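In what comes next, subunit A is part of two complexes: it sits with subunit B in the first one and with subunit C in the second one.
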Partner chain A sequence: MSENISNQSEYVLETRDICKFYGPLKANDHISLKVKRNTIHAIVGENGAGKSTLMGILTDTVKPDYGDIILNGEKVVFRNPMDACRHGIGMIYQEFMLAPNFSVFENIIVGFEETKGAFVDYKKSREKVEKICKDYNFNLPLDEVINELPVAMLQQIEIVKVLYRGADLIIMDEPTSTLTPQGIEGLFQAMRVLKAAGKTILFITHKLQEVFEVSDEITVLRLGKYVGTYDPKDLNQQKLANLMVGREVILQANKQPGEPGEPVLSVRNLSVYDQDNIQRLKNVSFDIHAGEILGIAGVAGSGQQYLSKTIFGLSKAAEGSKIEYLGKDITGNTPRENRADHIGYVPQDRMVMGCDVKTSIWENTIMGYHRAHGFKTRWLVDHKDANQFTEKVVDDFAVKVQSINSNVGSLSGGNIQKLIVGREFSQDNKLLLIEDPTRGIDVGAIEYIWGKLLEFASQGAAVLLVSHELNEVMELSDRIMVMYNGELYDGGKYGEFDESQLGLLMTGGVAQKYETIE
Partner chain B sequence: MELLRVMFSTVTLNATFRMSAPLILGIAGYCFCRKAGIMNIALESFMLIAAFFALLGSYLTKNYMIGTLFGVIAAVVLAALYGLFTFHLGANGLITGVGFNLSGWGLTTMLLVMIFHTRGATNVGAVSYDTIDIPVINSIPFIKDIFNNQTLLVWLAPILTIIAYIVMYKTTFGIRIRALGLNPEAAETAGVSVVKYRWIAMLVSGATMGLAGAFLSLNSLAMFTENMSGGRGFMVMASTMVADGNPLKGMLFGLIFGYCQALALTWSSLGVPTQFTGMLPYLAVVIILFITNFKNLKKFGKI
Partner chain C sequence: MKPLNSLKHFLADSTKINVARYVISLIATLLIGYLLIVANNANAGVALREMFKGAFGSKLAIGNTIHWAIPCMLVGISAAVAFKSGVFNLGLEGQLYFGALTAACVGYMIELPPVVHQLACIFAGGLAGLLYALIPALLKLYFKIDEVITTLLLNYVAVLATEYITLKLMGGNSATSQTSIVTPFVNKTAELTPIIKGTSATTGLFLALAIILIVYLLYKYTLVGYEMKMVGSNLPFSRAGGVDSNKMFIIIFLVSGFIAGICGATEVIGVNHRFIAQFSANLGWDGVMITRVAANSPVGVLLVSFIWAAFKTGAMQMERATTLNRYTMNLLQALFVLFISIDYGMLYRKYKDKKAREAIKKEE
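Right after this comes the complex of A and B.
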């Protein structure tokens, strides 16, 4: 009996020599790891380390070239993704797998409905969902349509969904990337409840801090290879970062607070209404000075993006708003005029707004500046000039490309971001509007872009940094403002407030509204 | 005044019930495509070709039921071809659809000339649907003038709509097909085979378009004329889009278009120029699309 239990309970999952090659790329190169039952097991690694491929193999969305999966001590071969699900592996994807316009309840049951013949047995399904919510302490509005629900709630729906499907081993892919500090705390709480109920969690992340907060064990992957499994007590963030990257990494941005110069951008009483006539910005006023990085923190959807978009001319400022740039009124100017005025913009959505993935690297590098700054003879594009410029950006920003004629879509996310940032930084811009410059890219590239951003500001440009990554705002900004519900609140100077104070502001905790001193 | 009076006369309402039937039949099936996220502009050709083959079947066998079966099979084959092109061979749906519609017109006209040696086949010896006399309805004044003595196909339209509604909202098939249209990836992770469900939706819509086509050629006079679907396939598409795939709402829009067609008939019998009355149903499409999308106009120019 005891023999049986120890056999059963020590490792819930084991992979042996898992390999997956894409041509010459070794996405997974003989990965063997063991996951103890009833633990929270973190899997960390840079982008391209093979985490996603490995998880794809575990859920059978990717077929391994070689290797075995051992589940509860038995070798299993999955025939299709449903097979993995039936074996009790539940996956929570980074992009939530939820259908808009569907109610929470429908989203949970779809595909696994309790049935009466061909009909859905709504009553029985409902009871099952309600029982799970009660057992695991989730409080979900089952009949509401998911569209308006906050991200943290959506994630809980995903968790209930995999539990409903009978998952025993729950894989979470970068679950914290869209959450607020408070939301992350809530998620960790839920993870602990799941663990207490006997579930095992595989937690994929590249945020080091979180790893130490919840995990019982940490597995590091690097370049498709298994580096090792560690006890969090034996590591610290710095050591873990070094293991992930394989060399010494600087985790702090090493910011040198400088003296701000003349105001470059003055925004007064800026209000913006969206297409549904909801006010997204409410009388926002602030200045940015030369050589200064102004960081805007806030929960996603608080109105930050309307700020940078409106300044750049992508959305319309309401009556009475005033945006002044170097003493000139630019309210209502088009993006083209703004580019010509040396205002740069790095949009959050790099794949859609930042570049065109289906065109070449050189085209993307001059994109937006093809009129404002030359690159053309009178009628035609000057290829020589454009190529020279592209080569320069690619060199200066260490973008790994095979040829500047290949499509941008062939680059990795980090390299695309380096290219876009490089494009905006290399144009002698006096003002840079930048949104989430390091979203979803790995430690090495973050380090690089942070360094470039600080260097850029120190040369006298003004930077408006809008980021959902609180840590990023805190590391880089000379001055921090927190946006909540379309209004700006003072978040102090560099290093003045700590994370929990700013987190409180982000969720509407008491604070003084930010007023510009006239 | 007379024009206003006939707007609510039993003649017009009777014709509405009848003329909306092909639209409603098509809508009942196309709702599944809509919910599954398939846009199919080839419906027009499905209807036209089905109408031709229904007539041909009825002509060959002297049986309108078998004629209808011919039409349904023709449309299902077309749906299968369209599905093959767009789901598996990576063809662009818009271009494929245009190709289908133009070839549908050409093919039916060519076959018409080859087989019947005419560009408008009436009285070729095909059998059309019988009207059904329902005694219960016949005893109610006013109602009897609208609903009695209609054919099986006309009655099938609301019946199919109700069945489609129940399937859409009460069965596992319905909930899955709605889910996969909203987020195919999510449906795939929920074990719902997107391709399989899309195929089912595609073939179901083919079958109901087949019924709609059979209606055109076999409902009253057994006849076929060049391009006789006359844009009804597009009306099916428009109604379904406006109703967002809800079969009951779709039926409502089908009735509105049917009403316009009926009104066009009664008005032109009162001497209103046919050039004007012929416009009515199409005008209704434009107006309904405009009204239902009016809210988007306000969003124009903002992010």
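Right after this comes the complex of A and C.
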């Protein structure tokens, strides 16, 4: 946008009574908030608080049912997302919107190319991109192809992209979720630079620590309603958490480190190649003992997924690898054999691998149980047994269901996760492979699952916890290992290393790549 | 408790939507049908009456309807088994052809006592369909070739290959037209007994009903059925749950092919009493449409098959008695399938949103 707006009203953005209802669900219920120009404004709330819907409305990917958007003192109605973009609202999504096989430069200019008649004016576009990079101190490899670049770099590209499109108000949706601690620090610096240059940033998160680090103002949403806008100086983490959930929440797991027993799982020289024949795990070796939680930390895409998948039998281990479980070689065993051996698995992608939204709760709950533990006969579904087992999981794990015959799709994310975790915990498994057990669910459900996980391990089961949430690994694990580029590094015992030490290991102990902004 | 209430709302909605799906489709199809009939200078009332008469008006008419319902049920349930599990077996036609030819051969080449001979023909037909379905199944598993492509193309292979084999069985190149490319008649012992005299409504009806019942029980009570359903609903989830998905894929493909083969066999020993080259008037595709309308449910297949059969027989009477062409009915059937396939849930949600928006505006 142009410069002539900078002397206008104090607020760059105002929403008045924004409403969005999905059937009886009130995703946004009369939300009115004001965002001061030239600030970093955090929007916090639990999952389902209405943050994403509100941002969707601001960028016109969601049409509001009611309410006005006032931009720079003027009421605006967007016709389409491009229109919102032209009004100076830029959005950086959690999942980056970049075309993997195209160059950085092409990704930045797409849709908003400078033109010469019917043709793209590459020279002029390039000059514009280079000027932005120079002005804001970004150092981007413009001619490299996206899929060869690290995550932190991709985020910078997204930032340059919205600047190129003339964004004055930049919305960032959970921008830190894929970054290392060092990467996050770099991002915060970038945010401060943008602020200094006169931009306004809306920063959506549910990580409380970050809120206090960068934001000038904090707006809290709860269950689709606006709670209030606060000055960070008047709040602390505990107070903010209370505002978000409306009750006291303990964000610590209060783990009591126990004495590990006999080894349950021994992995030796495990190597895995993916379908493109790229080596994802490189000679990984470790043990997990009874009663022990081994946490695997690491930046997304470091190979952690292949670890649990391969042990469980969903990926193939390379020649020479050895996986031993209770003294028995299980290398190459199928998921069915492993389940029968009392190995449980909670996959990261809960909506695809963890459950089936189109079928009933009981049908989802007996998955795995139906063969591993079985019913009275080998051939028939014992409906009585199935119902009993489902009721037990639902009761033990406080899953809010209307009926066990309802579809899983009718449950909230947190309840689905409780159901999935509950299913695996209720089958007297001796080894549990668990990936991101609390990703994207609300604080209450996180607390519950953490408690259950610790309880499960204290009863003598071995747990391999793979999580992208460093805090989770640190709170729950007896021992931490860090995965970087397919290799494992020692991350110490419970409480031995702090966040920044682990963060350094997560990036291979080398200096951060996210270093372009001084 | 608010979220629970909203949940109830949504669930009730989904049932309503499914009822609406059929009601709207039926009304829309009838409406278009009416316009078509009027455009052809015919009387819609008369056309409907003649159709009904043709399908149910006499013992003979009912017999003809049952005659058509048998293959519809078999090929429909065969398609349902595959489609419910996400296996796109579009090769029903081909599997049916090999089933038919094999049944004809067993029927005329071998001497067996009456009932045993019938069962032998049916079993051989099923086996042939199963073996023919094995080809695309293996191609998918070992070479990752999409079964949609292979089954589609293998249909042509089957139609022409059975014609060629029949020609050879006849001992030469003497045939002048396709309809004269036929195997000898099957022995009397292999023929299915008519249950209504003078029609092709045979004991095949009981076989078709039994197979639908078996499939229904399979899904409802057995672990294999549970796994078949879950694999179709969400493959990665089932794999993580310890279901051997490759094995399930093969089982589903073979069961589907087996039933399609049986369908071919009943057509031969129940209706034509010999194999006629290119005899099937797209029966395999009827199966795909039937299971689509029935939403892959065995009970649904049973009902829809009878409706389909009634359309087939009724349309012929309609053609005889009015100026209308019987293909009008085919057109309407296809339209009905199209209307059924509309995403009504999405339309309903949009409508609800709009209403909510208006309600809020009124409030202010």
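The rule is simple: the second predicted complex is superposed on the first by the 497 of 518 C-alpha atoms of A that agree within 3 Å, B and C clash if a C-alpha of one lies under 4 Å from a C-alpha of the other, contacts with A are read in each partner's own complex, and residues count from 1 in each chain.
Criterion: contacts are C-beta pairs under 8 Å (C-beta built on N, C-alpha and C of every residue); 3 or more make two chains touch, one makes a residue touch a chain.
On a predicted model such as this, the values are computed, not experimentally measured, just so you know.
Enquirer: Clash or fit: what happens to subunit B and subunit C when subunit A is overlaid?
Expert: Once both complexes are aligned on subunit A, subunit B and subunit C fit side by side.
Enquirer: So, A:21: does it touch subunit B (first), subunit C (second), both, or neither?
Expert: In the superposition, A:21 contacts subunit C only.
Enquirer: A:100 contacts which: subunit B (first), subunit C (second), both, neither?
Expert: In the superposition, A:100 touches subunit B alone.
Enquirer: Quick check for you: in the superposed arrangement, does A:81 touch first (subunit B), second (subunit C), both or neither?
Expert: first
Enquirer: Tell me which partner A:314 touches in the superposition: subunit B (first), subunit C (second), both or neither.
Expert: Both partners, subunit B and subunit C.
Enquirer: Per the contact definition in the header, classify A:286: touching subunit B only (first), subunit C only (second), both, or neither.
Expert: So A:286 meets neither subunit B nor subunit C here.
Enquirer: Mind working out whether A:115 is in touch with subunit B, subunit C, both or neither, as first, second, both or neither?
Expert: A:115 sits against subunit B, while subunit C stays out of touch.
Enquirer: Tell me the angle subtended at the Cα centre of subunit A by the Cα centres of subunit B and subunit C, rounded to the nearest 10 °.
Expert: Result: 40 degrees, to the nearest ten.
Enquirer: Check whether A:412 is in contact with subunit B, with subunit C, with both or with neither, and answer first, second, both or neither.
Expert: Only subunit C is touched by A:412; subunit B is not.
Enquirer: Using the superposition described at the top, determine whether subunit B or subunit C touches more residues of subunit A.
Expert: After superposing on chain A, more of subunit A is contacted by C.
Enquirer: Now for A:353: first (subunit B), second (subunit C), both, or neither, which partner does it touch?
Expert: Second partner only.
Enquirer: Check the superposed model and tell me the shortest C-alpha distance between subunit B and subunit C, rounded to whole Å.
Expert: Checking C-alpha atoms only, subunit B sits 6 Å from subunit C at its nearest point.
Enquirer: Check subunit A for residues that touch subunit B in one structure and subunit C in the other, and list them.
Expert: Common interface on subunit A, subunit B vs subunit C: 314.
Enquirer: Note which residues of subunit B are touching subunit A in the complex, please.
Expert: Per the touch definition, subunit B meets subunit A at residues 170-173, 175-176, 178-179, 182-183, 185-192, 298-299, 301-303.
Enquirer: Subunit C touches which residues of subunit A in the complex?
Expert: Listed in rising order, the residues are 19, 21-25, 65-66, 312, 314, 334-336, 338-340, 345, 347, 349, 352-359, 363, 366-368, 370-372, 375, 378-381, 400, 402, 406-407, 410, 412.
Enquirer: Within the complex, which stretch of subunit A touches subunit B?
Expert: Subunit A reaches subunit B through residues 81-82, 85, 91, 93, 95-102, 106-107, 109-113, 115, 118-120, 273-277, 309, 314-316.
Enquirer: Going by the contact rule at the top, pick out the subunit C residues touching subunit A in the complex.
Expert: Listed in rising order, the residues are 3-11, 13, 221-227, 229-230, 233-234, 236-244, 349, 352-353, 356-357, 360-361, 364.
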